[in-house]
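Listed next: structures, encoded as structure tokens.
Below, chain A partners chain B and then partners chain C, in two separate complexes.
What follows is the complex of A and B.
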């Protein structure tokens, strides 16, 4: 049987997805027995020009991680879509925008001003900022355009499957790769994970009635290690986040922050989380409710930590 | 002018590109190392809760999330004016030591090492980890895989997750260590010390005993006389977790020594229109462009810089190697960029020795892991030595702990100017008029940046592509776990 041709690429991301792919450990050997990796900048010296030269649909499967923040990333997403029979969105940034998607609370100008003009250590009297085309004494140089708005991969190209997580845990990655190796991929559009119901399903903590009078930051109290964190007033996104991760953060005594994305059937993870939190506030007095909610000083970063670009809101209006 | 483009540069984490301009004779006129990407963490951190920053900023780099997580957690200690408990501090350091072992292992065997072990002109298909395993032997290949996987497991035991840990809190950590977990970590630490010794022997056998390589290391093409920066403890020994930042001049004399909160007196960042990364320099010397020497504020960070900026190593075996390093290369400071590979392995051994000490510390399993902050947050700076160099986090918040301003100077960025210079000097040396520009020549240009390990991804199990050699994987007891061959 011909080997599967596999491409792996990163866009606006941190490299954690590459490490996650390697963490499948010795199972990687099984993968390599049936697959040739034709493009993987982290590890092999194949350049962009080599990919451009590949025929359309000559790659069987592309695992694409990272959000779309620049014109180069958009170009690579479209090119790899054209070259690949199956396009898999891998990890929170590609799936929903991820942490870089928080950039949608601002725009390009604000981000550039902070990075290149304002930070305390920047020494830039002339107000130089990076340009897409730059004349230097020897000729011309170019940089990709930095978009105003971060998009997810499915907002950019047609995607066949989603593998959730920031990064996907080893077992989630292997679930998808095993399906690939055995040619048993699920119907197009599926999220590939052990559990697409809530993290609470995976969580070993006991759950009782949730009635909350005050919200706490994780460092403000020493929570009971056996009891649901949300019940103890710590904002845990587990109620609105797909499981399959094994609730690892909860086992380390920290709340879920939502990296596996929405549970099955929900389009807006943040709205789901927000409504769950609203429903447990133990008060009917509007003033008291307002004061309890006031404890949540960063709603955007709390409810939409990994999913702002893919949410109904998509971005903040800024002027 | 004719332009040669290397895009993307490979065997790294992240995106990078090199443009080389040739004059009419075919000689190198100039070259540019460009980073074509920005994500804007310093802006979108505004409005976030400061205590979310350890988990937000670790997404800057999934290869060294531990460095950002720990730097950010230390920034929270300063911001909330709280000291971590002794056990919390030791747990952070224990995780950090295991992280150093895995990270340095990855760089030497997967990213940078193949150039030396296989040779700079080896065919592309062999110049990678597969080729390395074939050359160094299958037993060592298994040891490499084990060192990476087992130390990642340590990170998960302590930090909650193997990639993107979650345990950092102002004043402590979220989870204590059980005696069972401690024992397991002690065993891994013992093996890591042996692995560190073995790796230095490999370097000795393959690189130092090969005159051609030694000549290349000390050659002018890969040498720059710059300032060096690194964190040191109270005895001026290399320290990755805490201490003061020390800077030595190109002659090796102490130029500055400062506490984290004073970093703005010493470091400033220059902006160029042709790259999305900035170029830090020593404020008291000034930005003089991409040039080396005492009058230029360009400084370097990462393993070679740390050794140059310190008076020695904190553990006995690493100290022996530290002395040998300088004896062999002609005294301090060493300016040879390629010697960074050797310095990295000395640090690997140092981190493993420190990990073993911490795993045997009677306090390490205490459940006294948190001091709950009771002061109002305002401003904090936290510095660690990431494997790739000095890493600075600086937050200013309102009284609720909401970030108003964040400034981040990331390890690789500190080396930005030096990397650009190193590429330029190597390009000028290896690309010559009338001589064909082969893939191997261009790889020798890429070899000028690889020692810096540009915050670049770790690929411990990079067994990609057709395998020219069968690969055997052994567990710690040398039982054959798996075999891979291309047939």
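What follows is the complex of A and C.
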């Protein structure tokens, strides 16, 4: 039987997805038995022009991680889509925009000003910011264009499957790869994961009625190890987030931040999370409610930690 | 044609919707800018509904429920009372002014109040001007 041709690519991401792919350990050998890796910038030396030269649909499966933030990433996403029979969105950034997606609260100009001009550690007397093209004695140099808005992979190209996580857990990655090896991939559009219910369903903590007088950021409190973190006033996204991860963060006494994406049936993860958090505030006095809400320093960044570009509004309106 | 504020009004069926009815049958004039959606309780209005309204072209969202203590479902409106301020705080980060969302209480007997809340809200939104959601659909995600 001919080997499966596999491509792996990264766009706007941190490199954690590559680590997650390697985390399958010796199972990688099983994968190599049946698959040839034809493109994987982190590990093998295949150039863009080599990919360009590949015939259409000659790659069987592409695992694409990272959000779409620049023209180069958009170009690669479209090219890999053309060259691949199956396109798999791998990890929270590709699926929903992820952490880079929080840039959608700003635009390019604001981000460049902050990063290249304003930060305390910046030493940039000439005020140079990235340009897409510049002429130098040696010729013309160019850089990809930095977009105002981060997009997810499914907002950029047609995607066949989604593997959730930041990064996807080893068992989630293997679930997908095993299905691929055995040629038992689920129907197109599926999210490949173990659990379709909320993280709370995986979470071993005891859950009682939730009534909260004060919200804490994780560093402000030493939480009880056994009791639901939301009950203790820690903003835990488990209620709004699809399970399948095994509630790893909760087992380490840290709140869920929402990386496995919205729980089934929910389109806007952040709005759902906000709704749950607000409902448990233990007060009927508007002033007290306002002061409890003051504890939540960054609602948009907390509720849409991984899903801002995938949300209903997609980005902030900035002037 | 000159711009007119478009406001989505979510009205609880037990109190505020009847209040709006009373305003109508009592022939109390009120601005025609609020498009009313009847909901079983103000707490049926998920934050996503409000966000969806803005995404779909609303310039403002008005949520009206029973007075605190009068909820047909005992404490639905208290949940709304907690949600709306947090939602407003978050929407501010999205560039949506807090005044574009208003929560108020209108009972079935308060036709006058319904009309005045609607008029005030309409004028407030008129002052703020049109809201155009920006979903970054433009070329290169231009905003």
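Definition applied: the second predicted complex is superposed on the first by the 319 of 319 C-alpha atoms of A that agree within 3 Å, B and C clash if a C-alpha of one lies under 4 Å from a C-alpha of the other, contacts with A are read in each partner's own complex, and residues count from 1 in each chain.
By our rule, a residue touches a chain if its C-beta (ideal position, glycine included) is under 8 Å from a C-beta of that chain, and two chains touch if they have at least 3 such contacts.
None of the values given here were measured: they were computed from a predicted structure.
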{"item": "First (chain B), second (chain C), both or neither touched by A:289", "value": "second"}
{"item": "Which of chain B and chain C A:227 touches, first, second, both or neither", "value": "neither"}
{"item": "Contacts of A:300 with chain B and chain C, given as first, second, both or neither", "value": "both"}
{"item": "Touched partner set for A:105, first chain B, second chain C, both or neither", "value": "both"}
{"item": "Overlap of the chain B and chain C footprints on chain A, listed as residue numbers", "value": "105, 298, 300-301"}
{"item": "In the complex with chain C, residue positions of chain A that touch it", "value": "71, 104-105, 107, 145, 147-151, 267-268, 270-272, 274-275, 277-279, 281, 283-284, 286, 289-290, 293, 296, 298-301, 303, 309, 311-319"}
{"item": "Residues of chain A touching chain B in the complex", "value": "10, 12-20, 22-26, 28-29, 32-33, 36-37, 40-49, 69-70, 72, 98-100, 102-103, 105-106, 110-111, 114-116, 119-124, 128-131, 134, 136-139, 141, 143-144, 146, 166-167, 217-222, 248-249, 251-254, 257, 297-298, 300-302, 305"}
{"item": "Chain A partner contacts - residues on chain C that touch it in the complex", "value": "46-48, 51-52, 54-55, 68, 78-79, 81-83, 85-87, 89-90, 93-96, 131-136, 140-143"}
{"item": "Chain A-facing residues of chain B, complex", "value": "1, 3, 6-8, 10-15, 19, 21, 29-30, 32, 34, 36-40, 42-44, 46-49, 51-52, 55-56, 58-63, 65, 76, 80, 110, 124, 127-129, 145, 149, 152, 156, 159-164, 166-167, 169-171, 174-175, 263-264, 267-276, 278, 280, 283, 287, 370, 372-373, 394, 400-402, 405, 407, 409, 443, 455-467, 471, 473, 481-484"}
